[in-house]
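Paired with chain B in one complex and with chain C in the other, chain A is shared by the two complexes that follow.
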Partner chain A sequence: MVSDRLAIETVDLWKRYGDVEALRGVDLQVPAGSICGFLGRNGAGKTTTIKVLLGMARATRGEARLLGQPAGDAAANADIRRRVGFVSDEKDLYDYMTVREMIAFTRPFFPRWRADLEQTYRQKFELPLDREIKDLSRGTRTKVALLLALCRGADLLILDEPTAGLDPAMAEDVLQALVGHVAGEEMTVFFSSHQIAEVDQIADHVAIIDAGRTVLAGPLDDLRERYQRVQLVFAGDAPTVTLLSPGVVRVNRQGRVLTILTRDRDPLMAEVRSLAPVSIDWSPVTLKDIFLESVRTED
Partner chain B sequence: MLFRPNPASGVPIYLQLMEQVKHAIATGALRPGEQLPGIRKVAEELVINPNTVAKSYRELEHEGVIELRQGAGAFVSEKAPSKRAAEKFRAAQTDVAATIEKLRAGGVADEDIRRLFEAELGRR
Partner chain C sequence: MLWQKAWLETRWRFISALVILTLMAGGNVYDYLATQRLLPMLNSTITPPAQGPGLAGVIAEAIEIQKDFRGFIWFQAFKQNLTQMGVLFAVLLGCGGLLSEAKKGSALFTLSLPITRKQLLGVRTATGLAQCFAIAMIPPLIIPVLAPAIGQQFSVIDSLAHGLCLFFVGALFFSLASFLSTMFGDIWRPLLVAFFIACGAAILQVVVPELGLFRVMSGESYFRTGTLPWMGFVTTAVLASALLYSAAETLERRDF
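Let's turn to the complex of A and B:
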């Protein structure tokens, strides 16, 4: 079950707060070296999942492992803290420190601190070193938090909504720093987001969570290749059919046209040909379509 | 940058990159023996996943379009489409451009032209 090739693994994770089941079965498998986007609507359970992963909350049921170690395990905790970088939604920083002081304060906690990267990102992010954290814009604050996380030499970086509240140019800078970092270092990135476009752009793996449960997960390219929409045009009225192929999500019949959305193209190919339409037109489905389809079926 | 994938199109980005590299070779923008931009450079400039860039380069190598040299980077294969193939391609490009111009002049929308081409080619 557990593999060291997985940077994050959870099995049937549940978390209850009072009467509320915040998580109702989260299964994650994030391969080492990947950039995994963790998508879900607000309140879907993204932050709770991250808290459980980091040992900040204890799961009611199920298993979570980070870099092969049980999450929240006291003995493993020190090691995990050194090897995992975390940027919270709040970008926790000390408001009264200057940027320079914040960096100097953080550095000694991490034996694997990367002075070379610190230099690089200080310049790249154009950080105002002598300004106090409390006076920084949200974007600059995010960049400081990101620098602190990237420079600690972590094997796994977990980010909770890293681009929330940033303007598009700032958001692009943050995404660029992430892809550049992964290209240069052996590192896994797990970031939550409700921005489908940015997951589409930089992730190679995706996990979609809805109402506390993983509804879809896997390599993004696989999902893009398997999820397809096919439009069939018939000479007369489209036949009323029950499709037997596995993976068919939705069938829409209108006049001479039958539109089918499937999460598994291959088995459907022969079946649509057997209906003998005059034209068959396959088209790709966007991650946005996949996302909306996945969270809708849960309602 | 020679490449410009559209992440929101629904087509896997590595496939788009592969197409764009082949297109660049076919048009002569990239010639046999020339070096492709490094994985990190492509990833940073286009802000896409480096694993995706690496995957497209691996697939292109598998198809014999490029060669990956240990430590040195990716190069257009010497066996990549010849000059004659490039000329043939450019001639076809001119034909397609002319056809599209004619259709546009006749009032056919670009979206329809695209669909017609794709349907005619019997995609998949």
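Let's turn to the complex of A and C:
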């Protein structure tokens, strides 16, 4: 049962393209009002998940809901898109239109179009209104795409790699615009990225996907609090162990060192002591640590 | 706004088609005088018996038909130029759409708009059919306008009737291209497949004249007997509808 408080929910979402399983069980729960970073390596399934959510691709199996409506229902999905702003990873728009025509084309589709924001972003982004889209730089095209998404008066903003291909200064501009916008509006933002720093900078929730599966999801603060890394150093080679404590996410063995990532420190404490290491070192983890540990193949 | 998008995407193809077909139809009017000067020479080189079946018979009939202005226009414009080029332009107008947009990268923006794929295809189809109608009806109408300049007359009703014949079969090829464009993202494969299908239809017409698609398109029955090819209209309309329905279903199932 989908809660009203969830802007996005997927349950065991699978998607196959020919012989390739692009999604192999994606479970997402994005609370309404959150800024959720959707992290994953290139080819992890981020774009495919977004396409399924927006009805651009059909799930092979599983369930996807957007603002409480089934994503797979063509008519319902078209209706939902009235309340969703979207920026694709390529930011490709209609080459043959000018920026002004592009805005004029998009505006009538959205009854809640924010003319005030349109005016604000036209000036803030310094958009060349009479230039054709095909003549714009990638950065300016991103800004046009962002304006078209932000002004829709949407309840949910879905951004696929919003800063991909931008130089750091332009990426920062885009992120700042996004943060500024969200601060003043009641909306949910779901954005995919493989840039951990930018997720860390603006997200309050995170979902990590790897090889088509959700490997981790939750509020960022909660993850930072729960996740701990313990490093055990042994006199000789670290033993090959199967840890029985609940919450163990990943165990890496390298020479004399055994590194364990856990999302529940307490039950693990007694078990690591029983291994009789020379030293035990507990440390908090960063989002980068959580991400890398989550997507790293086990040694 | 979808209408504007469909128009902007196809306007140059449409305008090119309209200009080229109109120039061809107008050119055929002025060709009449030159051809009339050549026909007596041609008559003297074709020796009887040049009747009945066979190539000589076909040539003799072609010469006979083109002796008067109405026959010349039908043979040159409606049976050949406007039919052949009309098929080409109808196919070109039918090419494109979401899959082609996907190649250019803008399909995801289009698909993020609150509209269904059927609405998108519907608007594009309606725009394309309106354009097909214009390129089928306007060029023939230039003929009665220009004919008095060379001392001839051509009925507006005849132009409209032939225009209708061009439209129905043109719409079929447009629908074929629309359907193929839901399977191929480029313009070349729909064009190539449509070309082969047109060649197949031309061969079929030689073998089974009753199934002559291009006889419907040239309005041969109207030229010879004054009767519009109603059965041909119905058949092409049914086939076009089936192709458009298939296009909608294919597009609905496609992943982007």
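We adopt the following convention: the second predicted complex is superposed on the first by the 245 of 299 C-alpha atoms of A that agree within 3 Å, B and C clash if a C-alpha of one lies under 4 Å from a C-alpha of the other, contacts with A are read in each partner's own complex, and residues count from 1 in each chain.
The criterion applied here is as follows: contacts are C-beta pairs under 8 Å (C-beta built on N, C-alpha and C of every residue); 3 or more make two chains touch, one makes a residue touch a chain.
Bear in mind the structure is a predicted one, so any value in this text is a computation, not a measurement.
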Worksheet item: Does the superposition put A:Asp289 against chain B (first), chain C (second), both, or neither?
Response: first
Discussion item. With both complexes superposed on chain A, which partner does A:Glu126 reach: first (chain B), second (chain C), both or neither?
Written reply: neither
Practice prompt. Examine A:Ala57 and indicate which partner it touches, taking first as chain B and second as chain C; both and neither are also allowed.
Written response: second
Discussion item. Once chain A of both complexes is superposed, is A:Asp135 in touch with chain B (first), chain C (second), both, or neither?
Written reply: neither
Practice prompt. Pick one for A:Asp167: touches chain B only (first), chain C only (second), both, or neither.
Written response: neither
Discussion item. Looking at A:Asp281 after the superposition, I want to know if it touches chain B, chain C, both of them or none. Which is it: first, second, both, neither?
Written reply: first
Worksheet item: Should A:Leu93 be classified as contacting the first partner (chain B), the second (chain C), both, or neither?
Response: second
Worksheet item: Once the two structures are fitted together, what part of chain A is touched by chain B and by chain C alike?
Response: none
Worksheet item: Residues of chain A touching chain B in their complex?
Response: 33-35, 172, 175-176, 179-180, 182-184, 197, 200-204, 220-221, 224-225, 265, 269, 279-289
Worksheet entry | chain C - residues contacting chain A, complex | 1, 4-5, 8-9, 104-106, 108-109, 111-119, 252-253, 255-256
Item to complete: Would you pull the chain B residues touching chain A in the complex into a rising list?
Response: 7-15, 39-40, 43-44, 47-52, 55, 115, 118-119, 122-124
Worksheet item: Quick one: in the complex, what on chain A touches chain C?
Response: 17, 51, 54-58, 74-75, 78-82, 84, 86, 88, 90, 92-97, 104-106, 108-110, 145, 148
